[in-house]
Amino acid sequence: MNPNDVFITFPELLIWFPLLSGLVAFFLTKGDTAKRWAVISSFITVAIVAVSFFFTDKNYFHYNNVSYVWMPSIGSSFALMYDGMGRMLCLLTALAFPLAFLTTYNTNYAKPNHFYGLMLLSQTGLMGVFCAMDALVFYFFWELAIIPIYFLASLWGGERRIQVTFKFFVYTFVASLLLMVGIIYVYLHTPDHSFALSSFLKAALSPGQEKFVFWLFFAAFAVKMPLFPFHTWQPDAYEQAAAPVTMILSGVMVKMGVFALIRWLIPVFPHATGVFTPIVIGLAVTGMVYASLIAWVQDDLKRLVAYSSIVHVGLMCAAIFARNQSGVEGVMLQMFNHGINIIGLWIVVELIESHFGTRKISRLGGIAASTPVLTIFLVIIALANIALPLTNAFVGEFLMFNGVFQYGKWTAAIALITIILSAVYTLNMVQKVFYGNTNALTASGEGMVKRSAAVALTVVVILILLLGIYPKLLLDLTKDTVNEFISRVAGML
Amino acid sequence: MSSIILSALWGVVMMFSGIFLKKKSLAKYIALLGIAALLTVNFLEYYNIWYIYADIRQMLKFTSFGQVFNAIVFACTLLFFLLNASEFEAMGPDVYEYYALIFFVLCGVGIAVSFNTLLMLFIGIEIITIPLYILAGSEKRNLRSNEASIKYFLMGVFSTGIMLMGIAFLYGATGTFYIDSMNLGVESLRPMILIGIVLLMVAMSFKVSAAPFHFWVPDVYDGAPTAVTSFMATIVKVASFVAFLHLFDTAFGKMHADWQLLIALITAATLFIGNITAVFQQSVKRMLAYSSVAHAGFMMFALWSLNTFAREGLILYAAAYSLATIGSFAVLAKMKDYSLEGFNGLGKTQPLLALTNTIFLLSLTGIPLTAGFFAKYFMLMGAVKSGTHLWLVIFAVLMAAVSAYYYFRVIQAMYFKEGNAQVTPVSPVFRITLCVTAALIILLGMFPGLLLKGLYY
Amino acid sequence: MTINHYIFLSVALFCIGIIGVLTRRNMIVIFMCVELMLNAVNLLLVAFSKMHFLSASAFDAASKAGTDAQLFVFFVMVVAAAEVSVGLAIIVMMYRNTHSVDVNFLNRLKH
Amino acid sequence: MGITQLLFWLLTTLTLGSALMVIFSKNPVYSILWLIITFFAISGHYVLLNAQFLAIVNIIVYAGAIMVLFLFVVMLMNLNMPSSPLKNKWLMFAGVISGGSLLLVLVAALKDTEAMRNGILMQTGDIGLIHNLGKVLFKDYILPFEISSVLFLSAMIGAVVIGKKA
Amino acid sequence: MVQLFDFISIGTLNIPFAFQVDQLSAIFMLIITGVGFLIHVYSTSYMHEEASDQYARYFSFLNLFVFSMLLLVLGANYLIMFIGWEGVGLCSYLLIGYWYKNKDFSTAGRKAFVMNRIGDFGFLLAVFWMIQHFGSLNFGDVLGKAAGMPLNDKVLVGITLLLFLGAVGKSAQIPLYTWLPDAMAGPTPVSALIHAATMVTAGIYMIARSNILYTLAPVTQGVVAAIGLATAIFAASIALKQNDIKKVLAYSTVSQLGYMFLGLGVGAYTGAVFHVMTHAFFKALLFLGAGSVIHAMHHEQDIRKMGGLKKQLPVTHWTFLVACLAIAGIPPLSGFFSKDEILSATFSVNKIYWVIGVLGAVLTAFYMFRLYATTFLGKFRGTEEQERHLHESPRAMTVPLVVLAILSAVAGFIGIPAVLGGTHQLENFLSPVFAGSVALQHAAHPDHTTEYLLMGISAGLSVLVLLYAITRFSKKPDMDSPGGLGKLLENKWYVDELYDMIVVKPLHRVSVLLNNVAEKMGIDGVVNGVGKFVSYGSRQLRLLQNGQVGVYILIMVAALLILFIIQLFVL
C-alpha cells in the first residue's frame, strides 16, 4: 500500500467527521432536525468504525496511521494511530452516542441544536484521545473532550447542575494541568525533544525524576477514572447531568483515564510504576470496597450506579498495575464491557426517571408488575453489572481478578469481597425498585419503554450476551496491544 | 525605527486633525489609517524592503523579536480601535487628543522594546506612562476616573524614582548605560550591582503589575474608562514585559542565578494574589484587573527561565493575552452592568457576544485550542526546562485552576443563569471584529508556529 | 571626598523622600517628596560621573567618561518637568471635583 | 580639612536638614520653600563636582520653574495654611520605620565596598561644562533628545486635555 | 470430551469452552434430566393457576436452570463449571423470587444469591490459585498435575479449602446454610428440583470431581467432615420443631447434605454420590408430595392445620410414606444403603463422628415421622372450607410421585455393599473417576461383623424412634409453642438474627457511617474545603487592597526592603 494512495485515514475520519457534523448541528435550529442529524451522524460514525474493522491487517498500515508535521520547532506532530485498543475504544465511543441519542429520542431538550452539536463535539475529543500518539495531541483532545461536556452538563440536567459541573470541571482541570506539567517535563528529557509517544518511551528520566513525574500523570488519570479518593466529583456529576451526558461521561470518558494508564503512564514510567504499584493497587482495592459499601446505602439510583462504577474502575486500575497478561486483557475487555453495561443501566434509570419523575429508590417499587419488558432488560444488565458468567463483564472481571491474584493473593481476596457486595447492592436495588407491589407512583408503568429506547436496550443486551459467550472477538482485537504492553513492562516489577 | 518615527508623527497628525476637523467620528478613521500605515511600515522593515537608517549610536537595537512584537502590538491596537471607537467618542470631547496620546504610547512601546541603553528604557517607559496618566483620568467629571488617574500618577512617579535609583547604582558600578556592554563582573562592586538590579526589578515589576507592586492595578483598571483599561491591561502591559525581559536578559542575564530566586518569589506572590483575590470579585471589570495581575505572574516565568522557550512564550503570551483581554474588555464595555449579575443570560440576549466572550475567557484560562493554552504551555515549558524550583510550576498550575474558577463564573452567568443581560447597541463592525479576534485566538491555538516562525526569519 | 560620602548622602536623601511619601497626606507634598527622590538620584549620578571620569582620565587625559551620566541627569530633569506639568494638572482636576488634595480622600476604588 | 571638604559638609548638612524640613513642615508652602533650599544645596554640590551646567539647570528648571509651579498651584488652591493633617499614627510610624530600615540596609550593604574609597576629583575636569555637554548632547544623544520632544508633546497635550474645563 | 471454541485464550492460559462426559457427570446428568423431567411434568399441573405469561416465565427459568446445571456437570474445566455454578445460582434466585410481588420472597431470593456469592468468592480464589499454580483449569491438567504433589501441600490445602467455601455456599452448609430454608419461598416444584435434588448437590459434585485434591489434603478433609457432620446434626435439631411442611423438608435437606459432606470428608466419594442420587429421588418425592398436600390445602403450609389427610390423598400419602422411610434409612429402601455407606466409612475414620452421625440419623427418623404423622394421621384440623375442597391431585402430579416412589424404594440396589453380598455396581461404575483417590487412601474397612452391628444399630434405633414419633404425633401434635430448648429450636437457634446482628447490621452501619462521614465530610469535605478556603482567602486578601495609596506604597517599600534583605544578606 502506498501512503500516497490513501485519501483519508480512519483515525482522521473518526475525528473530523463528528467535528464537522457537530458544527453543522449548531445551525440546524428547526424542530427536530438537529436530533435527526445527530442520530444519523452517530450511525455513520458507527459505520465508519465497522468498516475499519476490515482494514486491520498490517498491509493497511497507512489507513490506520497518520503523522502530520504540526509544530516542528518543539517536535510535535499530529500523529494518530488506530491500533487494537484504540479501535475497540473508538467502537465504544461510536456506539455510545447512538445509544444515548436513541434512549432520549422522545425527550425534547431545550435548544436541541446546541445539545446535539456539543454532544458530537465531545465525540471528536474522545476519538482523538484514543488515537493520539503524540503527547501534545493527546493532551489537546483530553481537554477538548471536557469542554463540551462542561457545557452539556451545566445546561441540561438537575437543579444543582451548575455548581456540581463546575466542581467537576475545576477538579479535572487541576489534574489536567498537572498532567501538562508532567508532559512538559518528560518532553524535555526525551532524547530527540519530541512529543511522540515513541520518544516518551525513550525519555532519559532518573528514578527520582520518574517518581515525581509519575504522580503528575497519575493525578490526571486518577481523577478522570475516577480512582478513590479522587472520585468526589463523580456521583454528583452523574446525578446532576442529563442522561445522555451521563452515559458519555461514565460509559466512555471514564475509559480515557484507564486507557491513558495503559498507553501513557506505565510504559513511560516503568520504574516509578514498580515502586508505586503497592500504593496504587492499595488505593484501588480500598476504593473498591469503600465504594461498594457506600453504594449499598444510596437512595438515588444514579448515585448507586455511580459508586458501582467506581468499584469497576478500581478493579481495572488494580489489574493494570498488576501488569500481567491476564489482568491487562481483562481490562481491555472490561473497558468495553463496562461502557456498554453502564450505558444500559443509565438507559433504564433514564426511562424510570423520565416516566416516574424520581430516582429515589425508596419511592419506587413494583415496576416489574407494570413494566415486565423493562424488568427483563434491567435484570440482564444488572446481572452483567455484577459480572455473572455468560454476561460480558464476567470474562473481563475474571481475567482482572486473576491478574490481581497473580500480583497478590490477599489483595485479590480483599478485592473479591466486592463481588459479594456488588450482589448485595445491585440486587437490593433491583428488588426495591422492581419487585414488590406497585405503589401509587409506579402503577402507571404502561408504555414507558418507547420503541427507540427498546432498540437501544436490545443492542445493549445483545452485546452483553454476545461478548459474554464469545469474548474472543475483543481478546483477539486487543491482543497485540496487550502483548506490546506486557513485553515493555515485563521484568520491571 | 520607522514605526517609532511614524507613530510619533501620526500622533502629531492626530493632534492637528483635531484642530481642523471638528467631527468626532472622523477621528477613528484617521487613527485606523495610522495603524494601518504603522503595520505596513513595520512589515516593510521586517522584510528589509524599506527602512530608515540613522546613526543612533546603538541606543536602539532592532531585532526580529522586537519587530514581531511590534506587529502584534499594532495588530492588537487595530482591533482595539475597531472595537472601542464608540467608547472613545463617549469618553469626552477630546477624541483626537486621545488617539494622539495612544500613538505616542505606541511610540514609547517601540522604544521600550528595542532599547539598548538604560536612558532609552527610561524615556520609553515615561513616554508610555505619561499619556496613560491622562487617559486614565480622561473622564474628567467621573470621580472614579480622577481617582484612578491620581493613584496611577502618584505611584507611577514613585516607581520612576526607584527605577532611576537603580539605574544610578548600575551606572556607578559599571560606568555605562549600554545594556549590552555592562561589566557586571567586578566582585568588589557586587552590592551596588545587586542593589541596582533589585531596584530595577521592583520598578519594572511595578510596571508589569507584579505583586506586591501591583496595588495600583485593580484600582486604576477599575476606575479608568473601560477602553483605556483595555489598552493599559494589554498593549502597555505586555510591552513593559518585553522591556523587562529584554533588560534582564541582555543586561543581567549573566547574573541570572543571583536574582532568579527573587523573581520566583515575585512570581509566586503575583500568581497567588492575582488569582486568589480575583475569585471573590463581583465586578467583572475588577475581576479582569486581578486576572491581569495573575497573568503577569505567568509572564514572569519568562524572566525566571530566561531561555528560548521563555522568549517564544512571551511573544505568544503577549498575543494570546492581548487578544483575549481586548476582546473581553470590549464585550464588557458594551455591558450596561459591569457586575457578574449583569452578564446573566447574555447567552440568550446576545449569543454572538457571549460566544466570543466565552472563547476569550477560555483562552485566558488556557484551554487547548485557544491561544492561551500555548502561551501558558511555552511559559511552563521554559520554566520546567530551567530545571530547579519545579514547585513554582506546580503552584502556577494550581493557580491556573483557580483562574478557571473565576473565568468560568462569567461563562456560567452568560449561559447558565437566568437573566436578561442588557447591552448598549453594537455595530456590525464591532461584531465582525469580535469574530476576527476570536478566530485569531483559535488559529493561534492550533498553529502557534505561525507566530513563532516570525522570530527566526 | 570619597564616592561613599556621596552615595550615603544620596541614599539618605532618597530615603527621606520615601519617608515623606509615606507619611504625608497632601498629594502635592507627596509629589514634592518624589522630586526629592529624583534629585537624590541626580546627585548620585553626577558623583558617579566624576568617579568614572577620574578613573578614566588616569589613562586618557582627554577622556569624556562621565559625560553620559550628566546628560542622563539632564534628561531626568526633562522628564521630571513633563511629569510635573501633567501631575499638577491632574491634581488640579481632582481638586476641582473634590476640593481636597488629601490622598486619604481617594478611597472609592478598593477591594 | 580643606575648604572643599568644609563646603561639602556644609552643603550636606543643608541638604539633609532642609529635606527633613520638607517632610516635617506642616504647611505645604513651607515645604515648598524648604525644597527650594534643598535644590539650591544640591546645586552647590554640583558646583563642587564641577558640573556647572547641571547646577544652573537645576536652579533654573527645578528651583525656578517647577517649584514655582508648585507654589503657584498651592496658592491657587488656597492650601497655604497648615491644614494638612497627618496620616494615622501607625501608618506614619510604619512609614518612618520602613524608610529608615531601607536606609540602614543600603548603608549596611554599601559600607564595605572597598573599591569605592576612591577620592573624587572635585572642581576638576571639564566634562560638566556646557560646551562639552552640548557637543555630546547634539551628536551622540540626538535620538533621546528628539524623542523627549515627543514626551513633552504628550505632556503638553495631557496638561491641556486635563486642564481645560470640560 | 468436546471442545466447542476458545473461550478465553491469553498467553499460555487457555480455557476452552469444552464439555466432558464421564461416569460422574453421567450420573448427575441422569439425576438432573430424570428428576427434572418428572418435575416439569408435575409443574405443568401445579402451576396451572398462573397467568400465561407468568407460566411461560416459570418454565423458561426452569429450563434455564436445567441448562445451567448441565453446564455445571458437563464442563471440562473449572471455569465452565463455574459458569454453570453461577447460572444455577441465578436461576435459584429468579425462581425463589418468582412471586416477586411478595417482598419476603424476593428478599429470600436475594439472600440465596448473596450467600452463594460468598461461596463464589472462595471458588473464584481457588480458580485463580489453580491458574497460578497449574497454569490450566482443565480437569485433566489440574488433577493430573496435583496427583504428583506431596500430602498436605500448602497450595493444595488452600485451594481445597477455598473450593470448599464455594461448596459451603452452594450446598448450604454451616455457616452459609440459612438461605436454603428461606428458599422455600419459591414454588414447590422448584424447591424439589433446585433446593433438594440438584443444585444444592453441586458442591458435592464439585468436590467429588476434584477428589484427588481433597485426598491429598487431609487437613481439608477434616474440615469438610467436621462441617458436614455439624451441619447434619444442627439442621436436624432445627427440623425437630419446625411447623412449616416445607421448612422441615428444607432443614432435612441441609442435614442430608451435611451427610454427603461427611462422606466426602471421610473419603467415601462414592458414598456421597450415592447419597446424592438417592437423596435426589426421595427428597424430590417429599417435596412433590408436600406440594401435592399444599395444593390440596390451598396453599396452607402449616402442618398444625393439617392432619388426617391419609384418606383424601391416598397416592400422596403412600408415596410420602415411602420417601419418609427412605430418608429415615429403613432397610431396604434406598436411603439405608447410601447413608450406611457414609456412616460405615465414618466409623473407620472417627468413632465419635459415627456416634453423632447415627444420632443425626435417628433425629431424621424422628422429625420425618413427626411430619408424616402430623400431616397424614390423626384428625383434620383445618377449616371446613379447606376440608370440603380436599382432593387428590391430578394425574400429572401423581404420576411423577409414583415414579419417584419406586425409584426411592429401589435405587439403593445399585449400591449394595459387598458385606451384604452385593457387588456395589455404582462403585465399580464410578471407579475410574475416583481411582486416584482410592489408590491413595488404603482405607481400612471395618470387618463384616462390625458392619452388621453398625447397620443394625442405626436401622434399629431409627425404627424405634419412628414408631415413637408416629404414635405420639398422630394423636396429639404439638400445637402450642414450646419453651426453653424447644423455643430455641423453633427459632432455628436464632442464627438468622445472629447474622443480622453481627454481620449485616454492623456492615450497614459502617456503610452509612462511611457515606456520611468519610464520603461527605472527608473526601467531599476536603475538596469543598479547598474551595471554601480559596474563597475565604480571597475575601481576606482583597482587604489588603484598601484603597489607600499610602498603604500601597508602604507595602511596596516593605517588599523592596524584604527583597533587599534576601538578596544582599540571605543569598
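Each chain carries a letter (A, B, C, D and E) given by its place in the written order, and its residues are counted from 1.
Please note the rule applied: a residue touches a chain if its C-beta (ideal position, glycine included) is under 8 Å from a C-beta of that chain, and two chains touch if they have at least 3 such contacts.
All of these numbers come straight from a predicted model, not from anything done at the bench.
Contact with chain C and chain E alike is made by B, D.
Steps from chain B to chain D, taking the shortest chain of touch contacts, total 1.
Chain centres computed from CA atoms place E at the largest separation from chain B. Taking the mean of all protein Cα atoms as the centre, the chain whose own Cα mean lies nearest is A.
Taking each chain's centre as the mean of its C-alpha atoms, the one that lies farthest from the centre of chain D is E.
The busiest chain interface, judged by C-beta pairs in contact, is C-D.
Rounded to a whole number, the gap between the C-alpha centres of chain B and chain C is 27 angstrom.
Averaged C-alpha coordinates put the centre of chain A at 42 Å from the centre of chain B. With centres set at the average Cα position, the gap from chain B to chain E is 77 Å. Distance from the chain A centre to the chain E centre is 38 Å, each centre being the mean of its Cα atoms.
Each of residues 170 in chain A touches at least two other chains.
With touch defined as above, residues shared between interfaces to two or more other chains in chain D number as follows: 87, 91, 94-95, 98-99, 102, 106, 109-110, 113, 116, 141, 144, 148, 151, 154-155, 158, 162. Shown for chain E are the residues that touch two or more other chains, namely 531, 542, 545, 547, 549-551, 553-554, 557, 560, 564, 568.
The list of touching chain pairs reads A-B, A-E, B-C, B-D, B-E, C-D, C-E, D-E. Note for the complex: chain B touches chain D at residues 8, 11-12, 15, 54, 56-57, 59-60, 92-94, 97-98, 100-101, 104, 107-108, 111, 119-120, 123, 126-127, 130-131, 133-134, 137-138, 140-141, 186, 188-189, 191-192, 194-195. Those residues of chain C that touch chain D in the shared complex are 1-9, 11-13, 15-26, 28-29, 31-33, 35-36, 39, 42-43, 46-47, 49-51, 53-55, 57, 64-68, 70-71, 73-75, 77-86, 88-93, 95, 101-102, 104. Against chain E, the residues of chain A that register as touching in their complex are 167, 170-171, 229, 231-233, 290, 293-294, 296-298, 325-326, 329, 366, 368-369, 372, 379, 383, 388-390, 394-395, 398-399, 401-402, 405-406, 409, 412-413, 416-417, 419-420, 423-424, 427-428, 431, 434-437, 470-472, 475, 479, 482. Chain C contributes residues 3, 7, 10, 14, 17, 21, 27, 30-31, 34, 37-38, 40-41, 44-45, 48, 51-52, 55-56, 65, 68-69, 71-72, 75-76, 79, 82-83, 86-87, 90-91, 93-94, 97-98, 103, 106, 108-110 to its touches with chain B in the complex. Within the complex formed with chain B, the residues of chain A that make contact are 70-74, 139-140, 143-144, 147, 151, 154-155, 161-162, 166, 169-170, 173-174, 177-178, 180-181, 184-185, 187-188, 212.
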